[in-house]
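Going by the order they are written in, the chains are A, B, C and D; count residues from 1 in each one.
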Amino acid sequence: MKLEVSSELTYTLQSAGTVILNIHALRTQKQTVLEESLTIDPYIKTEELPAEYGENRLIRFDVTDTDAITITYKALVDNFCVETDHENQVSTPVSQLPAAVLPYLHPSRYCQSDKLLRFASSKFASIENPFVKVVAVTDWIYENVQYISGSTDSQTSAYDTVTELAGVCRDFAHLGIAICRALSIPARYFAGYAYQLVPQDFHACFEAFIGNDWVLFDATRLAPLNGMVKISTGRDAADSAVANLFGGIQFNSSNVNCELREDALAPVYYDASQLRGLSYK
Amino acid sequence: MKLEVSSELTYTLQSAGTVILNIHALRTQKQTVLEESLTIDPYIKTEELPAEYGENRLIRFDVTDTDAITITYKALVDNFCVETDHENQVSTPVSQLPAAVLPYLHPSRYCQSDKLLRFASSKFASIENPFVKVVAVTDWIYENVQYISGSTDSQTSAYDTVTELAGVCRDFAHLGIAICRALSIPARYFAGYAYQLVPQDFHACFEAFIGNDWVLFDATRLAPLNGMVKISTGRDAADSAVANLFGGIQFNSSNVNCELREDALAPVYYDASQLRGLSYK
Amino acid sequence: MKLEVSSELTYTLQSAGTVILNIHALRTQKQTVLEESLTIDPYIKTEELPAEYGENRLIRFDVTDTDAITITYKALVDNFCVETDHENQVSTPVSQLPAAVLPYLHPSRYCQSDKLLRFASSKFASIENPFVKVVAVTDWIYENVQYISGSTDSQTSAYDTVTELAGVCRDFAHLGIAICRALSIPARYFAGYAYQLVPQDFHACFEAFIGNDWVLFDATRLAPLNGMVKISTGRDAADSAVANLFGGIQFNSSNVNCELREDALAPVYYDASQLRGLSYK
Amino acid sequence: MKLEVSSELTYTLQSAGTVILNIHALRTQKQTVLEESLTIDPYIKTEELPAEYGENRLIRFDVTDTDAITITYKALVDNFCVETDHENQVSTPVSQLPAAVLPYLHPSRYCQSDKLLRFASSKFASIENPFVKVVAVTDWIYENVQYISGSTDSQTSAYDTVTELAGVCRDFAHLGIAICRALSIPARYFAGYAYQLVPQDFHACFEAFIGNDWVLFDATRLAPLNGMVKISTGRDAADSAVANLFGGIQFNSSNVNCELREDALAPVYYDASQLRGLSYK
């Protein structure tokens, strides 16, 4: 499947600062970046962070002698997500989880799973199949949390959303992650471009570690699960912000797009009757 | 310097579960574990997590057919901390920080640096030398936060402590970390054994990344900075808990000890007049 | 119905201070205090606050030259609660509520109803009969919140309890109040002695304003609704604490009792099939 | 001093609802309302709540058959504030406070004084004169909290502001109240019109009970203390909101004005060298 993604971001400067940008399509075994360009106007030299940071493709640069910058990223991506069968899936006990996924059981800034233990347990612990369990988590979120643009801000966390029951994709993802962790299922934040998302914007979902795969879930149901281009993963939005800004730089506007360039897409949303998940490796 | 450390932990079982234990002395270039033993009574086979988890030496095991377990860890450690000179230290701009330390700028479960930006900036931004700055942070914490055993619990975070002004070593560390990150100084949690800590217990301090070193800081002033044995580091206590317990296992008691076996120790506490830090590599 | 209540409270002094005590049985039209005694050992002169404070019978006194005090209150109370029929009860619109009850719609320290609007509405708004609605609120709390002694502290609020799902009678009351207010039903805290409460202690319930009466509700189901002796009402525990302590006075112990002295008590708990409420005037 | 005040509020309707409005100038011994008019377009019959609610002049009305309403209030007020001398003011011990002011020592929704005890005590307890003490509280707020329009919302409380250090007049007032209560000084919210406030809007300050008077304080320093027209007082903004809205009514816009009609005003701001307070009776 070929997807063309683009994002245009503008920032204004009150004083010099540094930007760490998180908008590049990830390069993975299943996601090939065929063409790609990043331009900053006026021109600024950028650095792609080396692999010691992790697999996310962060771009770092200083901004000094200008009032405003416009960042334009474009990529043509060939990716596909793998279908994973969870028909007879059994839970992986903590004692058998790979060491590398254990940190995704820990509570994090926006996913205070330690505060949701009773809540998660009382609602979902009785479901045995872990895929069905996480689908139930996303169903609960979808049915109980209202998607309201502007209803939350950068400090809103899963602990707020579980009670206030309103938010945007980021909040839906945080709550899904927090509930999974409270159920001893490793879960992490997924930032990406999403085909057919209306209105177009960066999207946030989450991945739960089930049957040795990071399986994608999206409690918002706002875009097909098989039309995503992965940008990055992290413990929560603290790790996967679109941009981390240091110094006197302020976000001004964004304009995001994701279009299908080849192949038709038969949109996939999970369905309780079909225990098939999708995984972006 | 040779230190003999030990810890005895007891847990009771309501039902089967898994323990991930974080009490082993780290093996690093500067910290050699000369002798070491871990026994669990009754006997349980354990697994040391592989390096893909990170450098921390986590031990994982299942507990099933018993009412209670006693874990005994003993080690003889030869370590030394390196003195780092910060006389003319200048701040490292975010654009020049190694990629591997950038995650330690992000807010985390117990260190909500994003909520402390104005607080940290108004109090400490004017100090230029970053070592002097972090010493000032720890001085502020020491002078304003009361050390009161039992005043906080496992949910207490830096956001609470900065206002409620009471806590234990864990809370002092979280607040120090959160303030550093709010000042764009990477900081992480340090769990260890501490010589001359009274009463003996696991100790928590923090490390700030200054001049290309992780420099140790302890806002409690309860133990000499040069008498520590490092167990682990992490974003905060969520990563560096003494034990993560899953299933029906409950903490019962702990008994910790740290004694000097050779050499005398000239206790080091930082002093505004001597800009020398200590670093456990 | 005659109930004999008693409470013995001990406090220790680090320095002089003032106590405002809230343990006297209220004197109302339906609750007659037949006999009553308050002794403080060593002797301290006390003042009963005048009516300008409200109907609660607060006792105020200074403590100075002593290490510890023991307060003993005993009363023989003849009270009865009025049965209110809610068979065909309709909601009172806000526009017809008596002015005096309007403050009990406002959020308060421990009852942040403003944060529970969607939660309350999604769960309970469809129930038309307000008595049935508040019974449903208490049923939800009873079924979802675990009563665990010591699980919460004096800072715990309804916003915590609705997610953490554990607490004591005070927390059950706060959550009931917060949900009612979020549904535009005035609600207030009720502190009292409770017959057959095990173990004996001060009890907390709440009153909701339905059909022109303050109707009693108790989400804990730990004591019959018709065996209470009312001490005070207020917006929440901030208004109805057993004691407000100023200066260097610390709570040490309490010993509370409530026994039936005459008549048998046919214990009343609400029942969805019988739309009868109880009201302590 | 004659002040002419006006406010124009517009609301839109999604469905029928009730408004309780809190914009009328209070009628007190020292504040005479010479002329006054309230019009609602389209016309709606309103009710002024009786005195059992308290001294605040609340207006209640239902809104049904319309899309939007415009409320216009105008008043000509003759008021003066009384100067109170605090040169040799001593603290009133809790044991001698009038019963009616005791509730203003309790923590409330937006003023969690119970969480600020150590903070308040460490900063201000050493100041003996209670007027000087509260001036120091407002000075600390003024110097540490940035006034930033739009930085907070209706859920922001003193516990947030004391750390996040940004807010609007309402937040400045809540923090002042919370600190006073933590110091055992009764304090309450003051909503009013304010001459020379730029830009014109409803204003919030607070009153502290000192020397048997409710003395006005304003940590924002945005308007002279002697140019206010009092609308209402309450425990915090939960009691003194401009409007409480029930049902499907939403705030749209407000336009507020306060002008001097007679006499010149020599603006008063407190000054550490002149221990004179102002009190609106």
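The criterion applied here is as follows: contacts are C-beta pairs under 8 Å (C-beta built on N, C-alpha and C of every residue); 3 or more make two chains touch, one makes a residue touch a chain.
Keep in mind it's a predicted model, so treat the numbers as computed, not measured.
Separation of subunit A from subunit D in touch steps, taking the shortest path, is 2. With contact taken as defined at the outset, there is no chain that touches subunit C as well as subunit D.
Taking each chain's centre as the mean of its C-alpha atoms, subunit A lies 46 Å from subunit C.
Computed centre separation for the pair subunit A/subunit B is 30 angstrom, with centres defined by C-alpha atoms. In whole angstrom, the spacing between the mean C-alpha positions of subunit B and subunit C is 44. Counting partner chains per residue, subunit B has residues 115 touching two or more of them.
Interface note: chains touch in the pairs A-B, A-C, B-D, C-D.
Per the touch definition, subunit A reaches subunit C in the complex via residues 115-116, 118-119, 122, 144, 146, 159, 162-166. Residue ranges on subunit B touching subunit A, taken from their complex, read 18, 20, 47, 49-50, 52-54, 58, 60-62, 93-95, 98-100, 102-103, 105-109, 112, 114-115, 154-155, 184, 235, 238-239, 244, 246.
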